[in-house]
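One chain, chain A, links the two complexes that follow: it is found with chain B in the first and with chain C in the second.
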Partner chain A sequence: MQANARHQKHALATFVGLLPLIIFLALLLYVGLNAPNFLTFMNLKLVLAQSLPVVLAVIGLSAVVMAGGDDVVSGGIDLSIPATAVLCAGIVAVITTAGLSLVLAAGAALVACMLVGGINALLVTLLRMTPLLTTLAMFVAVVGINNVITSRRRLDLTSDAIASLRQDFAFGLPLGIIIVGILVLISYHLLHRTKWGLNLQAAGGSRDAAEISGIRVNTLVAQSYLLAAFMGFVTGFFILARGNGYSPGTEDNLMLEMVLANFLGAAFSPRRVVTMWGAVLGAVLVAAISIGLKTIGVNVFWTDLIKGALIVTVVALSAISERVR
Partner chain B sequence: MEHVSAKGNFNLRGIVVRFGFLIVFALFFAFFATWNPVFISGNNLLNIVEGSAILMIIALGMTLIVATGGIDLSVGIALDFGAAFAVVAMKTYDMGWGSAVCAGLIGGSLVGLFNAALVVGLRISPFLATLGTFFIGSSVQRIFTNGGGPISHRRMPDGFRNIAQGDVFGIPSEVILAAVLVVIYYLVLERSVWGRRVHAMGMQRSASIVAGIRVNRILIACFVFASITCAVGGLISAANIRMFTPLSGFSYLLDAIAAVFIGAALHPRGRPNVLGTVAGVLFLGMVTNGLNLMGLNFNTKDALSGIILVSALALAVAQRNMRNADGD
Partner chain C sequence: MTEAAFRLRDIVQVFPGVRALDGANLTVHPGEVHGLVGENGAGKSTIIKVLAGVYQPAEGHIDVGGTAISPATPEKIHAAGVRFIHQELHLVPHFTVTESVFMGQELAGPMGLATTRMRRAAEAFMRDQLGSALPGNRLIRDLSPAERKLVQVARALIDGEARVVVFDEPTAPLASEEVLKIMKAIEQLKSRGIAILYVSHYLNEITELCDRVTVFRKGKDVAVFDEITADTGTELVSAMIGRELDAFFPATSRQAGEVALRLQGFSDGQTFEDVTLDIRRGEIFGIAGLIGSGREELVDALYGLRRRASGTLTLDGTVLDTQSAANAVANGMVLVPRDRRHDGLVLPMTVEENATLATLDESSSLGLIDRKRIREVTQKLIGDLDIRPANARAVTRYLSGGNQQKVVLARWLAKSAKIFIFDEPTVGVDVGAKSEIYQLIENLASEGAIILMSSSDPIELVGTCDRVAVMMRGEVRTIIEKDALNVDHLVAMTTGATDMPEVAHAG
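Up next, the complex of A and B:
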């Protein structure tokens, strides 16, 4: 009897745990039923293409959260990734518009982005500043610097190489989707299948235990911020490709979608921890919901409300399933 | 994270280290004063204080929430709701200014109640709960104003306009309101048993539950109290520009967080505290004003204040670390 009761309780916990994903899929199904062409192959490709910058940004964010622990206020978080991304987009756009080569532009952007990552790493590990505060302040500073560089203008894309991320196809898929797919696989291997990745997760899981067992936590945390900055750098090119150039103010939305995707991803995972698959799935679903709501003609004023309600529902459900267990 | 120093901080290095940030404050002050003598004039100093009044009020609410161990990303929503409820009460329902003020405060408290329901009732972490409130609150404002257009009310009752534009013996009323709130917050958070409980809960939540502190009740009270405070900021901004501008509260969020954490770094044990927050707000207000007087281009000014923000935070934290090293 007791075993049976425990079994039932376990089944209930599993069900509650799956609810976030079920709610999402139900919402998408609802959209699909109301807009017949939403669930077509063409449109799903469009959704994927739209989600690319968020996917890339959230890979960097999940590495930082893994290394720093998933407590939002005292653990690891990097809110400066969207700023790094627009910094890269801004620098590349300005230099290529001036007629100089793309390689030079990419080099300059890489140096600038890694500098941002290095400062983050320094402030968090050496000064022991709260990551939330550090990266939020860095977000403001970097966006400010980028606005000086670009003078807050719209800059049209002049580089064909970047445009080909969106326009060119290989194996029937846009080149951008394939490249991001490969990057996702590489970072999955790096974060979940190598010794380095496991050490990273151990550091975030329990800092003290990791330090006692000889893991150099500070080094790993610093490396996670550098990885995040690098992902921000890559994101920059996809922002340029998606928007066909640089537009000021892209960073705010990217920040919200990145944070949303990251925490939704944690709610999707069985152990309620941030994983790369969860984060990538979260990013794609967030893009799907945004496009889906637009497709069925939901008033734009309501989209934030629906997103907010989704965060609250998903996070509340994951708290409840923890308690049922 | 926080070291409680047993020996106290009475050694000389501790004192020097403690005032390091204030020295930087003074250096900035001197720099702006030499760049443009207008900076130091009495009128301009009053401008700085007046311009910081709303941020001061928002930062006080934030201090309370950070002291409980959380964070509140929805302070701007409480400000907007305060302004919206008051303006609509006067414009649509033709209420007197007293009732409009009450309506605004009630509007703000709704935000706090919603946060409290999420954090205490559903046990969502404050960051995510208030992020949700931020999304929902922004959307509600867009829906209500049909897209985000301002609701203006030119013929406001004089009583209401005086909240921002009146003065007592030449001191602008918003400065007086902010000062009164600073005193109230100081007495409640730093000088009362209730304030001790809030700090205890923020430092060691499980220990304070064991000690019999009714954590949930305090959390609800803090969220409601903080949101009502932010609504006061909303009343001032509504009275100042004689309209409600949707989503205008967001611009105070980051500065409020920064002020609270600069203040916390100035505290011997790294706790958020009212006087530290006041110092943080005045520092940010001085930098904004000083950069304005330097006549820089808008973008350059933004970038500089961002860089100063990062450096100020890093400096304040470095100082705290040195202090803790002394204490150990």
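Up next, the complex of A and C:
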């Protein structure tokens, strides 16, 4: 009877864990039925192209969550990635608009972004502050700085190199998709196939266990925030390419979609934990939903509500799944 | 005699205000299982930390395998082949067996992790060295507690350099059948010439497993037993506490009264089914059962910590509402929980605050707490229960296990409850304090309280209870009456060693 009960419990936990995925696929199916040309190659390309900034941001975020643990309140999280991304976009736009070289702009942006990551790392590891609050505060502060730098106005793209990310490059795919694809493969190897990546996951899985095994948890956590900041830096260029320039306010939507994609990704993993590749698949799915809702003519403001509700649902379901187990 | 695997001589370790080790000696030879026993506070944990290089003793010599190590640091000790199996498991639930075994010592090739090689090595080690054939890709959270313990052992030993292994209370969270797996693994390590130091409160395990035993008392080794038989147990107890323990369990002439508390058809739909029990006033009623028998879940359901699917609880014929813990307390039923550190006490609070937590309403007026009254109540409870230190403002975190348990008890005594549920009342409590806690429970019963005692320790149940219900696979298998209550019979019933005509379960 007990083995049976445990089995039922296990099945229930699995079902609850998969529920976010089921909800998303149902939503996608609904969109597909209402907009017949939604599921075509051209549109798939559009979805991928649209998802690039979220994919990049979520690589950084998933690393931080893996290193800090996936507890929504006390675990690792970096909400400042979207702010870092727009900071990079803002700096690059301002410097290139002023007629200076792209290399100089990229260098300045890199320094600024890594500074944000470094401060995050120090606050979280040395001062033992809660990542959720620390990075939320950092998000607000960095967006503020960015508004000062850009005077909160729209800046058109002047760099051809960035624009070329949108051009088709090979196999009918744009350069941007290919670059991000390569970055995803490299990060996958780094986070899931190396000693460093496994130690990172151990640190987040059980801090005590990792420390007793001689793993330097603080160093790994700090490195994860630096990696996140670097991914934020890369994301900046893709925001410029996608929006054909810098527009204020991009960070809000990016934040929403990044968090959603990250926790949705846990449903892809057989262990029901946040993984980098799960998060990337989540990011593509989230982009598909966004575009899908737009295609069938849902009001933009409603879209935000739907996404917000989805985040709550996904996180709640992961909490329930944890409790059932 | 062969060269000692390690030898600690004349160790003195001083903490502010305490001489934790006062000239202690401990010698363990290769290929032996050496028991280390002593009451809480005797210096067992301290000497282990000295050996681990965590503490630097003020005086004394440490040598491992004939080589003096001075000063001892964790790195040097590890390099000398000494490994520690901590009481806590320290495993990541969503990691596989392989990942857990190799945590922090992963094998890597030029193309990243050598996953296949690690998996083969982990599986071979678990199978050949520890006698447990576990698939390397099984997740930790799907393992039984004993299997998790073995994974922890494998992690410490996988590098093949271990010459001394220290087990600190390895079986504390395990049911007795699971203990056998650990014991088998230890026998196997011993046969390979590894020296094993086995620290445990369970004297039956010590006498069964160990070749020699060192007894610690007050920071010193007071006795070393070179020959261990099943009868050594009583000698060990007297060496540990330094006096003959004639009244370990309280003597009693108490007579139980009428049936007062009645459980009828209790089920939670998952872990236990159709439990019906009649409990008398002034009776100590025991519940025995392995982990997974439904015993713990039944206790939780009784107290409203777990939802019940069906079942009624009546006290003297009227229904008693215990659907939530708050209702249970309001209706005079209280629980002394098994995990007192998490469920029973607010550790950063003082003894006084903890003891009066449930009675703040009674000792306050208009929302203001009457400090003087609280102090008086607490001082009386500290005196009655002999809580040490006798300081109402001591922070409970720093009390010993036995004294923490007394603080939990003090809170409910202040509340003057009618029904007491004790869940594993003496886990992690030393022998002296155990005896005092049993006496307190006996006193409560004599005063007419209704007492339920759920325990995994058969000796404790036999020593204190009037009747014991044995649970197995979610059902009450039998109820053993006082005259038939002895350890052999109880253990046989609990583990299912004896077949039993199905009688109890018809009721």
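Brief remarks follow.
One rule holds for everything that comes next: the second predicted complex is superposed on the first by the 285 of 325 C-alpha atoms of A that agree within 3 Å, B and C clash if a C-alpha of one lies under 4 Å from a C-alpha of the other, contacts with A are read in each partner's own complex, and residues count from 1 in each chain.
Criterion: contacts are C-beta pairs under 8 Å (C-beta built on N, C-alpha and C of every residue); 3 or more make two chains touch, one makes a residue touch a chain.
This is a predicted model, so every value here is computed, not measured.
Once the two complexes are laid over each other on the shared chain, residue contacts for A:Ala316 go to chain B alone; chain C is not touched.
Shared-chain residue A:Ala210: touches chain C; no touch with chain B. In the superposed pair of complexes, A:Asn34 makes contact with neither chain B nor chain C.
Using the contact criterion defined above for the overlaid structures, shared-chain residue A:Gln167 touches neither chain B nor chain C, since it reaches no partner.
In the superposition on chain A, A:Asn244 makes contact with neither chain B nor chain C. In the superposition on chain A, A:Arg271 contacts chain C only, with no contact to chain B.
Overlap of the chain B and chain C contact sets on chain A: empty, with no shared residue.
Those residues of chain A that touch chain B in the complex are listed here as 71-74, 119, 123, 127-130, 132-134, 136-138, 140-145, 147-148, 151-152, 256, 259, 263, 299-309, 311-312, 315-316, 319-320, 323. Per the touch definition, chain A reaches chain C in the complex via residues 1-2, 5, 9, 189, 193-195, 198-199, 201-202, 205-206, 208-210, 212-215, 271-273, 325. Only residues 1, 69-71, 118, 122-129, 131-140, 142-143, 146-147, 254, 257-258, 261, 299-300, 302-307, 309-310, 313-314, 317-318, 321 of chain B touch chain A when the two sit together in their complex. By the touch criterion stated above, chain C contacts chain A in their complex at residues 86, 88-95, 99-100, 103-106, 108, 111-113, 139, 141, 155, 270-271, 273, 292, 294, 473-474.
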